[in-house]
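There are two complexes below, and they share chain A, which is joined by chain B in the first and by chain C in the second.
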Partner chain A sequence: MSATRDLSLGDEVPQQPARAKRKRARRLDWKGALIPWLFLAPALVIFTWFKFYPMASGLTMAFYDVQFYGESQWVGLDNFARAFSDPDLRAAVGHTLTYVIVSTLTASTLAFFLALVLEGQARHLRIIRTAIFLPAITSAAVIAEIWRILFNSAPYGVVNSVLDQLGIAPQGFLTDPGQALWVLVLMQVWKSTPYDMVIFVAGLVGINRELYDAANVDGASRLRMLWHVTLPGIIPSISVVIMLSFIRGFRVFAEVYATTGGGPAGSTETIMTHIYKAGFQNLEYGYASAVSLLLLAATIVLTLIQTLVKARLSR
Partner chain B sequence: MQPSFAVRAARILLYLIILAIFVGPFWGIIVTALSGLVIKPGQLLLLPVQPTLANFKTALIDMQVWRYLLNSLVVAILGTALQVAVSALAAYALARRRFRGAAIVSLLVLSTMMLPEEVISIPLYLVVQARFPVIDASIYNTYAAMILPVVGWAFSIFMLTEFMRAVPKELEEAARIDGANEWQIFANVVLPLVRPALGTVVIFGFIMIWDQYLLPLVVVSDKQLFTIPVMLGMLRVDETITPNVFVAATLLAMAPTIICYLLLQKQFNRGIMAGAVKG
Partner chain C sequence: MLKKMTTHLLAGAMLLAATGAASAETLKVWSRQTDESALILKTLTDAFTAKTGIKVESYNTGTDFEQRLARAAAARDLPDVVINDDIALGQMLKMGIIEEVDPSKIEGNDQIVPAAWNSAKAANGKIYSVPISAQAFALFVRKDWREKLGLPQPKTWDDLHKLAEAFTKNDPDGNGKADTFGLSVPASTVRGYASWYMSNFIWAAGGNFVKQEKGGFKPDLESKPVAAALGFMRSLFCEGLVQPGAINATTGDALPTFRSGQTGIFLSGPYHIAVLDEQPGKDKIEVLPPPAGPGGVAALAEGTSAYIMTGTKARTAAEKFIGYLISPEGQEIGMGEGTGHTPLVRLPTNKAVDVNAVRKDARWETFKEVFDKSGHYVPPVPNWTPIRMLTAEGFNKILASCSSDIPAELKAIDQQMAEELRKQKALAE
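Let's turn to the complex of A and B:
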C-alpha cells in the first residue's frame, strides 16, 4: 500500500530529482527486503502454528495442573517431582534404554557385516540391497502387524513352527512379559539393519582403494585389513548411525504401541507410551508435558554429544 | 582368479539366508493374501493355495478398507504437495536471497529437526482443538488436522536449500537482465534446476506422512477419517475379519510406500545419505 503511495509522490515532484532518486532507492531496498519474507511466510505460519507455539505451550503446561475445561493451577515443579518419583516412569525409562541400546548396537554390528557381504556394483548385489531394504520403508503399524503374525504365541505361529522343527517348545513371545520387549528389540533390529547397511555401503565406497593395495603389498591378512583399513574408514558412518538411532529410539512410540500397547503387564511400556497414556487416557496434560520436556532434554543432550563427536571425527 | 565352487555356493547360501530373513515375511504376506485357503491367525503360507483375489475384494469393500486407504492417500498426497511447495518457497529465500534474519530463521527451522514430534503431541492436540474466533470451529476431526501439522518439515527445507545454493548465480542474473521478476526466477530458473532434489523430497515426504501414526491417532476421533495405519490395529480385533482378509489389508497398507520406493530408487538413496550426513 505505502509503496504505491511513495511511487505517486515521487512522480509528482520532478523538481527534486536527487531526493526522488534517493527515495526510490530506499523504496527498492524496502521491497527487496520484503521479498524473502514473502517466500518464507507460508513456512513461518505453519511452523509457528504447529511447532513453535505448541513447543512454547508445552513448556508452560509442564508447570501447571492443566484443566481442559477449568482454570489451570500453577504447581511449580510438582510435575517434575512426580516424574522423578514415578515408579512406572522409571520402569518405562529402563525398558526404553534396554530397547535403544540393544537394538542399536545389534543392528549396526549386523549392518556392518551385511555391508561387507553386499558391497559392490554387481547387478545381483544391487537387487539384493534393494530387496532387503523393504523393512526400512514399511510403516511401523504394518510391521507391527507382520510381527504379531510371525511371533504369534500359538504353537502353529510362524516362528513357533520353525522352533518346533528345531525341537524347541512353543514360546509366548508378545504375550510373555519376559519376552515381549525382546521381540520388540528384534523387530527394531530387523527394521533398522537394512537402513544402517545402506549408509555403511556408501561409507565403504568412500574408502581409498590405495590403502587396500598398500596393505596387500605389505602382505596383510584379510582380518588385519578389516581391522586397520576398513573399520577406521567407516567409523564416521558408524558413529552417525549409532547416534541417530539413539536419538530416534528414545521417542519410540508407534512400533511399541501398535504391537503390544505397552503390555503385557506393562513389560513394554516406553517413555512415549507412558506419556501418551498419562496425557490422552488419564488427561494429565501437565504431568505428561513435564515428562515430554525431560525427554526433549535428553534428546538435546544426545544431539549435542553427536555434534561434538562428529566435529572430533572430521578434524 | 575365479573363486572355487564351494566359496560360491557358500555365498549364494548366505544371500538366500539374508533374503529369507528380510524379504521372507513380505513374501509370506503376499502369498497368503492371494490364497483362498483359510488360515489361522499367526499363520502364513509360503506357496499360494487356491489363488484368488477375493481377499482383497472382501477387505476393500466389506471391511471398508477402501475408505481408510483413501483417507491415507488424501492426507499423504495433499500433505506432500503442500509440504514440497512450502519448503521450496522457504528454501528459495534461504538459499538465494541475503537478508537480515536469515540466520535466525535457519536456526529456528533447524531446531525443529531436533525436536521429536512426539514430544509436542499434547500441546499439538490442544492447538488442533482450539476454535477459531468468528467461525467458531476447529480443525479437529478434519483432514486438515492430519495434513497441516506435517506440512512444515525441516528435512525438506534443508534438502532443497542445499540444492538451490548450487544453482549458479549467473543464470539468475541473466534472467533478471531479461526482465524476469522474483517469482519467475524462482519458478522458471531455480525450480527446474533442482528437480532431482524435488524428487527426493517428494518420496521422503510421502513416506513420512504415510507413516504417521501418533498424529492421526490424536487429532481425529471420527472413525470415518482414520488412516490405514491407525485402522489396522482395529481391523485386527474385528471379529468378523478372517486372517486372510486381514493379511490382504496389511498388504494394501504397505503397497503405496513400496511402489513409491521401487519407482524412485535413485532419489531415495540420495535422501538417505543427506539424512545421514546432516542428522
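Let's turn to the complex of A and C:
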C-alpha cells in the first residue's frame, strides 16, 4: 500500500510540472486564441456598427414600402416583382452587361500584352509602368470631366478636331444615344487596363523560368510558349482581373453619372444609376434596396461561377 | 446604493428635460437654396431673433436636400421649418414629414396673393405650406450680340429660331471662330431637368401634361400642340443651335455656357439675374418675356414655400417665424436687394410689397409681368416629382434622336404617366 502510495507519489512528483505546463499551455491556447480577436475588436465593433448593421438594415428595406417618418409597410416580395417587370431596369441591365463584358475583355486583353511588353526590372520600364498606371488612381469624377472635354460634340472638340484631320465628320459621342455607351466603355478600358496590367506583371514574375527554358529546348515557338507556359501560369491573375473587373463594372456609377447622367435617351442608364434615381430622386428606398439586393446576389453568383471555372482550369 | 442610483437617474432625466425645453426655444430652419442665399437667410433669421428673442439655427444647402431630409426623418431629428420648392410638397407629404398648416395662425396670411395659395395646397385640398416667394421663367438674351447682328427682340418661336441660328452661324462675338451657339438648354434627365425646361414650351404651344377630369387626372401629352413643342425644340438640337452636350446638361452645366459667352439665349428664372450681372455683365444682357408659341406666351411658374415639419416641439415659434417671412419686412430682407446674392424671395407673395419699389430694376418687372399674365403652375397632382422624372426621360429620348417618332414616344410617356397616376390614386379612369 505504502509502496504503491510511494510509487504513486513518486510518479506524481515528475507529473506535477507536466500537468501544470499542460494547464498553462491550455491557458495560453485560450489566450492565444483570444488575443487576435481582442486586437480585432475595435475594428469589428466599428465595422459592425457602421457597415454590417447598415447593410443588414438596408437589405431588410427591400421588403418594405419605406416610410420616412411613419411606420414602414411590409410589402413582401412586391419590390422584387416590380424589379422583374420594370422595362427600364431591364434596359439598364442590358447596358451594364454590354459595358462589363466588352470593357473587361478589351481591357484584360490589352493589359495582358502590355504586361508582356513592360515586364522586367529595368528602370525605364518602371517609369513607363508608373506613367501608364496613372489613370487607375485618378478619381472617376476627374476622369469623367476630362472625357467630357475630350469628347465634346462640337466640331472644335479635341477628338472631333482629330477626326476632322482624318476627314471624318464631327461625331456626337456622349450626346448620341448610339455612341454614348461606347465612349463610356472606352473610358473604362482606358482606366482599367493599367490596373489589370499591374496584376498581370505580378503574375508573370511568378512563372517558373525553367519552364521557358525547357520549352525553348523543345523548340517551341513564341506563340506556343505563350499558350502553354505563360497563360496557364497566370490563371490566378486572370481570375483576379476578371473578377475585380466584373465587380467594378456592375457597380459603375460615378463615371456614368458625371458624364451623361444616364442619358441621352436612357442609353447609358446602368443598374446603379437606375438604383440611384429610384432611391435618391424618387425616394423609393424599398424598391432601390430590392434592386441592390438583386445586384448583390448576381455578383455573388458570378463570383462563384468564376471561382469554379478557375478551379477547373488550374486543375 | 439603489437610492443613490435613483437620484442619479432622476437628475439625468431632469437634465434631459431641461435641455429639451431649452431647445424648444431654438428654432431649426433648413433651406434649399444656392450657397449664396445662406447669407440672406442669416440676415433674415438675425432680424427675427432681434425682434422676438427666439433663436434660430439655420442650415442652407442646394445639394441632396431631399436625401438629407430623409436621413433627418429616419433619425427623428427633423428641423422645425423647411424652406423648399413648392413642388416638393407632394413628395414631402408622401414621406410623412410635413404637418398641415392653419393659415389663421400665421400673422399676415390675408396679405398673401390668392393665386400663390394654390401651390400650398395638397391634392386633398388641405394646406401644407405657406408661399413665401414666387417666380416665372423669362428669356435672358445677349443684347450686345443681338444688336451687333441687327436682329429684333424675339417675340415668337420663329424669331427665337432665327436668333439662335444667327448666334450660331454669324459669329456674334466677332472672334472669327465658329464657337458660339444659340440656346443654352438643360435637357438632362437628372432631377427631371428636361421636363422642367420643356414645360415652358409645352404650355406656350397650347398643350398640357394632364387633363383634370372628374375623379382625377388623365395624361394628355399625346397631342398636336405637345408634339409641336417637342418638334420645335428638337429642330434646335438637330440644327446644332443649342450648346454641345445640351442633351446631358443640368442647369449647373447650362448656366456656365451662357456666362462664358458660348451661348446667347438662356431661358431661366430671376434667381440668375445676380450671377449674370457679374458675368457676362449687366450691360450685355436683357430680360425678355418668353417668345410666344402657337398657343401664346407661357412660362413655368414656381414658388418657394415654408413648411412646418412633423413632430416639431416649437410649433408656435415656427408659425411666428413664417409670419415674419411673409411680413413686408421679412419679404424685403429676403429679396436681398443690393446684396448681389441670389435672393431667397424672388417675387414677393405679400401683396403689400411692391417689387418695383424695392428692386428699381425693369428686368424684375418683366419677370413679374410674365408671372402675373403667363405663369403656369404644374398640375396639382398628388406628387409631381415622379411624373417630372418620367416625362424628363421621355422628352430626353425625343430630343436625343433626330429621327424619333414624336407622337409614338408621347403615347408611351402617357402610358407611364397613367401608371404613376394610378399608383398615386389620382388617375381619372
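Here, the second predicted complex is superposed on the first by the 261 of 315 C-alpha atoms of A that agree within 3 Å, B and C clash if a C-alpha of one lies under 4 Å from a C-alpha of the other, contacts with A are read in each partner's own complex, and residues count from 1 in each chain.
Criterion: a contact is a pair of C-beta atoms (placed from the backbone, for glycine too) under 8 Å apart; a residue touches a chain by one contact, two chains touch by 3 or more.
Please read all numbers here as calculations on a predicted model, not as lab measurements.
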item	value
Contacts of A:Gly263 with chain B and chain C, given as first, second, both or neither	second
Contacts of A:Trp190 with chain B and chain C, given as first, second, both or neither	first
Contacts of A:Arg148 with chain B and chain C, given as first, second, both or neither	both
Superposition-derived comparison: chain B or chain C, residues of chain A touched	B
First (chain B), second (chain C), both or neither touched by A:Val198	first
Partner chain in contact with A:Phe280 - chain B first, chain C second, else both or neither	both
First, second, both or neither for A:Val117, with chain B first and chain C second	first
Which of chain B and chain C A:Gly233 touches, first, second, both or neither	neither
Partner chain in contact with A:Met55 - chain B first, chain C second, else both or neither	first
Overlap of chain C and chain B interfaces on chain A (superposed complexes)	148, 152-154, 156-157, 257, 280, 285
Contact footprint of chain B on chain A as seen in their complex	33, 35-37, 39-40, 42-44, 46-47, 49-55, 57-58, 61, 114, 117-118, 124, 128, 130-135, 137-142, 144-146, 148-150, 152-154, 156-158, 160, 190, 193-195, 198-199, 202, 237, 240-241, 243-244, 247, 250-251, 253-254, 257-258, 272, 275-276, 279-280, 285, 288-289, 292-293, 295-296, 299-300, 303, 306, 310
Chain A partner contacts - residues on chain C that touch it in the complex	64, 66-67, 69-70, 73-74, 76, 78, 91, 94-97, 177-179, 187-192, 244-248, 250, 310-311, 385-386, 389, 393, 396-397, 399-401, 404
Touching residues (chain side chain B, partner chain A) in the complex	14-15, 18-19, 21-23, 25-26, 28-29, 40-44, 85-87, 89-90, 92-94, 97, 99-100, 102, 105, 108-109, 112, 114-116, 118-127, 148-149, 151-152, 157, 182, 186, 207, 210-211, 213-214, 218, 228-230, 232-233, 236, 246-247, 250, 253-254, 257-258, 261-262, 265, 269, 272-273, 276-277, 279
Residues of chain A defined as touching chain C within the complex	67-70, 88, 148, 152-157, 174-177, 257, 259-267, 277, 280-283, 285
